[in-house]
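Right, I'll just put the structure down here and ask away after.
To keep things simple, chains are lettered A, B and C as they appear, and every chain counts its residues starting from 1.
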Amino acid sequence: MAAAWLQLAPGSLWLLAFFVAPVLIMLGYSVMHAGTYGGVSPGLTLGAYRRFVDPLYLTILLRTVLISLVCTAICVVLGFPVAYVIARSGRWKHRLLFLVVLPFWTSFLVRTYAMIFLLRDGGLINTWLQALHLIREPLTMLYTPGAVVAGLVYGFLPFMVLPIYASLEHLDPALLEAAENLGARPWSRFRRVTLPLSLPGLVAGSLLVFIPALGSFLTSDLLGGAKQVMLGNLIQNQFTTARDWPFGAAASFVLMAAVLAALLVYVRVQRPRVDAA
Amino acid sequence: MPRRVPPSLAGVTALVYLFLHAPALVLVLFSFNRSRFSVEWTGVTLDWYARLAGRSDIFRALRASIIVGMASTAIATTLGTLIALGLARRRFPGRETYEAALYLPIVTPEIVVGISLLVLFAAIGVPLGLTTITIAHVAFSISFVVVVVLARLRGMDRTLEEAALILGADELTAFRRVTLPQLWPAIAAGALLAFTLSFDDFIITFFVSGVGSTTLPLLVYAMVRRSIEPTVNAISTIILLATTLLVWSADRITSGPRTPRAVAG
Amino acid sequence: MKANRHVPHRLNRRELLRLACLGLAGLPFAGVPGCSGRDAARVPVADLEPELNIYNWSDYIAPDTVRAFEREFGVRVSYDTYESNEELLAKLAAGAAGYDVVVPTGYGIQALLAQDLLAPLERSRLSNWDNIAPLFRDSPYDPGRRYSVPYQWGVTGIAYRADRIAAAPDSWGTFLESRYAGHMTMLDDGREVLGAMLKLRGHSYNSVNAAELAAARADAIAAKANLMAYVSAPVKGQLIAGDVWLAQLWSGDATQARVEQAEIEFVVPREGSMLFGDAMAMSRGAPHPRAAHAFMNYVLRPDVGAAIAQATGYGTPNAAAAARLTPARPYPTAAELARLEYQAELGPANALWDRTWVEVKSA
């Protein structure tokens, strides 16, 4: 047990001091009154939490969850093949991995603006599609929910690829070979060998995509034309234009509580997977 | 037997890479665009690169971002890996709750973390600057590293490690020479993730940055939100080129003529 | 057989080297030209402090203003930027300190004053004060101009492509017509959108009347159906490209866009609009008050003010500087002023406005 503490202590202390403590401050804010110009004013109240129970805000929550789920699903479909190919690429493994991450070392915002150029009516994609005579009129892609999803997938794909890759990387090809020799077809091999072994990475990746997606707001503004409000926009606004920090904090904690509950379930399910000490 | 990648999968992968890189390529392209607003192509120019030379603020910001990125990645990767090891290998009461709680930094909206950290620093009296930014970046990166490394640890076969222990190696040696090499891809993946997160972080950095500690995202986001100027594209292109060159040369140095692909047999 | 597991050991070194190389990437920047610009040893003029910390909007100054100031006054300037009043206010409210000069918009100054976050200015150190046009010598948000020095001014209006529109728009009602549906945008700013709709019905831009706001909300939702998107300053690019034909936009941005596309015109609707002024203020507890005053006084010089306005595209409250601008940016006439309102700090009514805006966006 002592060894456990030794490994967990440094990181845990850091998180306690620089994450838990600030968040506790926010928790305190969530039960106080809003200051007129931002911040909080003294006095305890649950008004912020009560305010959240309102069709307007619950719709926003629902919409955000749906879009995030769609985004996660697409990331799985696109990310798994990529991670699989990279893991099986021998010498090229690291270069391919690096190529996945490389675009993300340029500014996210600048890349999103570049997407606008690609997606607009007179943009690159439409121009080429028309030049190839595949369409007559330009497709309206920009400022649609589809554009928002595309932008989200674009922003979160590496978060899916990296964990799956890490999980698949040690997949011994001998296992697949053995399965093939025993007569299993490709899909069966995938379902019974590859998939189970990559499951931890798959789930990890899904969580790393779904959870931050819930809090995203820039993509909806830039690619969706700011025509809809996502949970991230709502929370962001509370601390800026709306000057209602308690409500922003409360909305955040509702979100965090919901995700935490789901996670506890996930961790429980993980139990049989953990190797017995 | 050579490793085979089904052509269909390779095709999908190629398309995904195209999707990932298209906006970045457009970005690079527009750094040579004559128009100030990156919506239409109006002609070639190197003006924006020339302007970079006079923008000492951009270089300062880039330097700040690299320093913070390297420092926070190193710390977060170390702490995160340790936690992952502790979680995967040890039993202790409350382990499951602890693991679930580790996801909190991932789910907490950045603005909440940013503002509350600022309040904390202000209350304690810590001066805002690159140090506070690094502290904040480590705080939100640790969880990402843990998730990636833990996923790998959970699926790892321990027989080799046990064999080493049986053969007389002590725990530390067994870890260093058997576990660590197997774990390395996951650690590297986690580090890459942490650096990416740090290098492009805006909201948290905005709130905990102080006088003279503007990082690149702060500068770029401000420039882009108010008036897109291709100078931003120029600096992004240079970053892309520099990193690619560095990694390519590192690759060249470390991979020699030897290719001991000892095939499984 | 796991004999091939020998390979990971080499990967070990490779990764390490890669990380090291990336780390080395940081070092050269320490010596990049122009990295610090701290060339000659500086001796500050008169009784000024050796340093100054400025926090301004991004892209809101001429390229050489700060450097020229540094050279003339021997003060080392730290220049940081933000791009929204709200983010500035949130940061200052949460306790960030160290900035001497901040440049909020009018209502932001009201909010900061209410929280006692600004320090009064010493007029005696602002010898160029008389350069300020009479129109801006006082303000509703800082009566008596005790805490602020006007920096730039502008108005909200409609920027449009004269070559794509049949007739010049002159009313906010244009956004309620479907004639140009799909090619119109409004600002991604609740105050501006709802304010415009309020003006359309003859109410105040700053109304806090629930019934008036409800009507404005209905109008805004009706207009939303015709809009391509809510975009703020970045709409310039699409205006130039011709995707957008009508955009609610600020005067300075319209001026900037016109440089690249001569067909862009700007008009203030007949119902009236918003006049805004950004002003320099000094935070309470500023570490370098004298240098701060020197900088503000420096900006009040005609040549400096003109250079700034030329670069930003906005108007300068400095009459002496305004005389040097080409093309001229005239101050609003009395008739126009009658239709313009400053954006006021809403105080507790913020909550009502915010909810209304969320309802518009969720519709």
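Convention: a residue touches a chain if its C-beta (ideal position, glycine included) is under 8 Å from a C-beta of that chain, and two chains touch if they have at least 3 such contacts.
In this text the structure is predicted, and so the values were computed from the model without any measurement.
Novice: Looking at CA centres, what chain is most distant from chain B?
Specialist: Ranked by distance of C-alpha centres from chain B, the top chain is C.
Novice: By number of C-beta pairs in contact, which two chains lead?
Specialist: Among the chain pairs, A-B has the highest number of C-beta contacts.
Novice: Can you check how far apart chain A and chain B are, centre to centre, with Cα atoms defining each centre and the answer in Å?
Specialist: Each chain's C-alpha centroid was found; their separation is 15 Å.
Novice: Taking each chain's centre as the mean position of its Cα atoms, how many Å separate chain B from chain C?
Specialist: Between these chains, centre-to-centre, one finds 32 Å.
Novice: Which chain B residues reach two or more other chains?
Specialist: 38-40, 115, 119, 182, 185, 221, 224-225, 228, 243, 247, 251, 255, 261, 264
Novice: Which chain A residues touch at least two other chains?
Specialist: 94, 113, 120, 122, 172, 174, 239
Novice: Could you list the positions in chain C whose residues touch two or more of the other chains?
Specialist: In chain C, the residues touching two or more other chains are 1-2, 11, 14, 18, 84, 87, 90, 94, 234, 238, 241, 243.
Novice: Over in the complex, which chain C residues touch chain A? Could you list them?
Specialist: Chain C reaches chain A through residues 1-2, 11, 14, 18, 84, 86-87, 89-90, 93-94, 111, 114-115, 185, 188, 190, 224, 227-231, 234, 238, 241-243, 345, 347-348, 350-351, 354-355, 357-359, 361-362.
Novice: Help me check something: in the complex, which residues belonging to chain B touch chain C?
Specialist: Where chain B meets chain C, its residues are 35-40, 53-57, 59-60, 62-63, 66-67, 70, 115, 118-119, 121-123, 127-128, 160, 180-182, 184-185, 188, 191, 206-207, 209-214, 218-219, 221-229, 242-243, 246-247, 249-251, 253-255, 260-265.
Novice: Quick check on the complex: what are the chain A residues that touch chain C?
Specialist: On the chain A side, the touching residues are 34-39, 56, 59-60, 94, 113, 120-122, 143, 172, 174, 221, 224-229, 233-234, 237, 239-244.
Novice: Give every residue of chain A touching chain B within the complex, in rising order.
Specialist: That would be residues 1, 3-8, 10-12, 14-15, 18-19, 21-23, 25-26, 29, 78-79, 81-82, 84-86, 88-91, 94-95, 97-118, 120, 122, 124, 154, 157-159, 162-163, 165-167, 169-170, 172-174, 177, 186, 197-198, 200-201, 203-204, 207-208, 211-212, 214-215, 232, 235-236, 239, 245, 248-249, 252, 255-256, 259-260, 263-264, 266-268, 270-271, 273-275, 277 of chain A.
Novice: In the complex formed with chain A, which residues of chain B make contact?
Specialist: 1, 3-6, 9-10, 12-13, 16-17, 19-24, 26-27, 30, 38-40, 75, 78-80, 82-83, 85-92, 96-113, 115-117, 119-120, 135-136, 138-140, 142, 144, 146-152, 154-158, 182, 185-186, 189-190, 192-193, 196, 199-200, 202, 216-217, 220-221, 224-225, 228, 232-233, 236, 239-240, 243-244, 247, 251, 255, 259, 261, 264
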